[in-house]
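Several structures are given next for inspection.
One chain, chain A, links the two complexes that follow: it is found with chain B in the first and with chain C in the second.
Right after this comes the complex of A and B.
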């Protein structure tokens, strides 16, 4: 079992918004300064709590997008038009605002700096968020662990962290990027142009003999398809770790 | 629930958080929220919201076990281990139940309709000195519960949801159903349980989640 992720009690902490960056038309990255933040491992998530003036509260879970960095963490939130919490986070929050969060949570879906073999990251839509934390952590550590990211998005404009991913991969022979765009592809597109299927996985996934671990994250149907595809291709189920973003598109 | 079960040592409360418990949480400027209607609010535990969907939470790929290979067993602190094939299991008396379920990832689903075999039925005639049950599953998942949370009409091994055979992604062919605890305790793809004298943390319980998991006390994580 992975190491202990949460020690003692997870209290609600006040988190001040210090930065907001649009990523795509539907997603924004929000940077928080969290005094008392105990640190995290790439792949973990936090619970966010909002309180209305009449005391009404709503809680949701968001993956941490950033590598470990003192008391600062970043979340990347996709706006669901009819959602309760995500439109507030993407449209309403301003630098200087304070919300509550607690974490880090999850000791299972986490980057292992000692992984032996190739790490396979598979993200669908905003499911790339915890995988980005892993790619950033890997870069920050100067890790040489061979890592391949397969990222499924609707269109090229829906690819979150596009420039940073390109930059990370350009300077690093150990990091491979493979995109598939399921709705529309730009002219001259050389990546994949369909939903992840068995054939695509067979081409892109590391061979079972070299796979250290696969992290699969996204909406439930995406995760189901990828995880069962990997098992069909001969991967050991215990090496396929999944995280489902719940109701989001799932 | 004795909080001593969590770590065996007193809570290190307020270690990170200098605020007092009863202090008003900060208002999120401009947040109004989608208020609950009054009819259902007393059925929704703190921090949860009601969904009409049936989201999925699992740590790995969905196992697909053929019914010919399926069995359910009760092992551990028992005089004789018990084992049922799928046919034997399905020949046991069943119950239909309508219950509210609460997932630690924040969604609650009201009036979900299940059919299953009561754990009381499975435990009939079994003598045990164990006070804890450690359900085990295809895929290697485990969880832990006090035995008394599984008896007295509080828990089932469910094989049907909403009148249909339980789908693999929701834990089929059979899952535990323990609606009064967070839903990770309702282990999917359950294949049996080991009865034990001591409480041994299962998969999520080892990974930061609460040893008991009462949604009404919001026992999500260690120390809650």
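Right after this comes the complex of A and C.
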């Protein structure tokens, strides 16, 4: 079976940059054309590998931001100023360049199109990326699964996908958007203006009886606060799925 | 809580490379306390190698060290690992 894809085998694929769009001052979305891409499920990620001329390699994991779309995928990358990989991806890559990636990987943190009950998405900063893939997949499928997104960002300008989220929620009674802006709020702001705490979760989270699953993604302390808060509020730990960034060295 | 902590899910690529199957939905049983849970949801610490710990009792489940093309895997903290090949794509 020379050349045939082996089930489960992960191969590094050449991915060509076809589009780059700024999202916020610190984040960019990079669209790749990946010949041989097997398709993915919303919430999965890819490993990205960069190789320097002297052979030195650096690998990082990035969540896929886009819904399933043939051989094309999008990653949204936050630039970490002292990072090794993210400044290259956000500042140096140009359309036509290629990088290596493998995936999709991870079946644990993925959108379930058959979820029974309300799905609760909780994102801190760029932790919204895999949740956006879920919101996009949900919209693409015309899914009616009640879904609430709680999105914590520092300021209104740091909200990634702001316009698209507004548009998605406006046309869909089943998708609720709740923002909290932790550092500064625009004049007349009616959303929350603090870090996610137990009281905020008690107001925003679906009741344990109706929660299908919660997907929580963000920096490790954020995920820790949300996940332990949900358990304190009576949610079953197995229904709270987490994806922590940690300090990855970006 | 440790700010360096990640989830088993973050090692999905490496695990799939080693085991040849999607492993974050595999269910591992902790040798120390007997708790069973999905590999994607266990605690993961990244240092010179990867250390997977039980979210219930904090015992070490699994250690993986990557060196060039070699992979060194210590599984002594796992009593069992159960895969569903239907999910392993």
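Here is the rule we go by: the second predicted complex is superposed on the first by the 240 of 250 C-alpha atoms of A that agree within 3 Å, B and C clash if a C-alpha of one lies under 4 Å from a C-alpha of the other, contacts with A are read in each partner's own complex, and residues count from 1 in each chain.
Basically, a residue touches a chain if its C-beta (ideal position, glycine included) is under 8 Å from a C-beta of that chain, and two chains touch if they have at least 3 such contacts.
Note that the structure is a prediction, hence the values are computed from the model and not measured.
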Clash-or-fit label for the pair chain B, chain C on chain A: clash
Contacts of A:112 with chain B and chain C, given as first, second, both or neither: neither
Which of chain B and chain C A:141 touches, first, second, both or neither: neither
Partner chain in contact with A:14 - chain B first, chain C second, else both or neither: first
Which of chain B and chain C A:231 touches, first, second, both or neither: first
Partner chain(s) touched by A:61 [first = chain B, second = chain C, both, neither]: both
Touching partner for A:100 - first (chain B), second (chain C), both, neither: first
Partner touching more residues of chain A, whether chain B or chain C: B
Overlapping segment of chain B (options 25-33, 97-105 or 115-123) - the one that collides with chain C in the superposed model: 97-105
Footprint overlap on chain A, comparing chain B with chain C: 6-10, 47, 61, 105-109, 220, 224, 238, 241-242, 244, 246-247
List of chain B residues in touch with chain A within their complex: 7, 11-17, 19, 25-35, 46-49, 51, 53, 55-64, 103, 105-107, 139-140, 169, 203, 206-208, 220-224
Residues of chain A that touch chain C when the two form their complex: 6-10, 45-47, 61, 102-103, 105-109, 220-221, 224, 238, 241-247
Footprint of chain B on chain A - complex, ascending: 1-2, 4-14, 36, 38, 47, 49-53, 56-61, 84, 88, 92, 97-100, 105-109, 220, 223-224, 227-228, 230-231, 237-238, 240-242, 244, 246-247, 250
Residue ranges of chain C touching chain A (in the complex, touch as defined): 1-10, 12-13, 16-17, 19-22, 24-25, 37-41, 46, 87-89
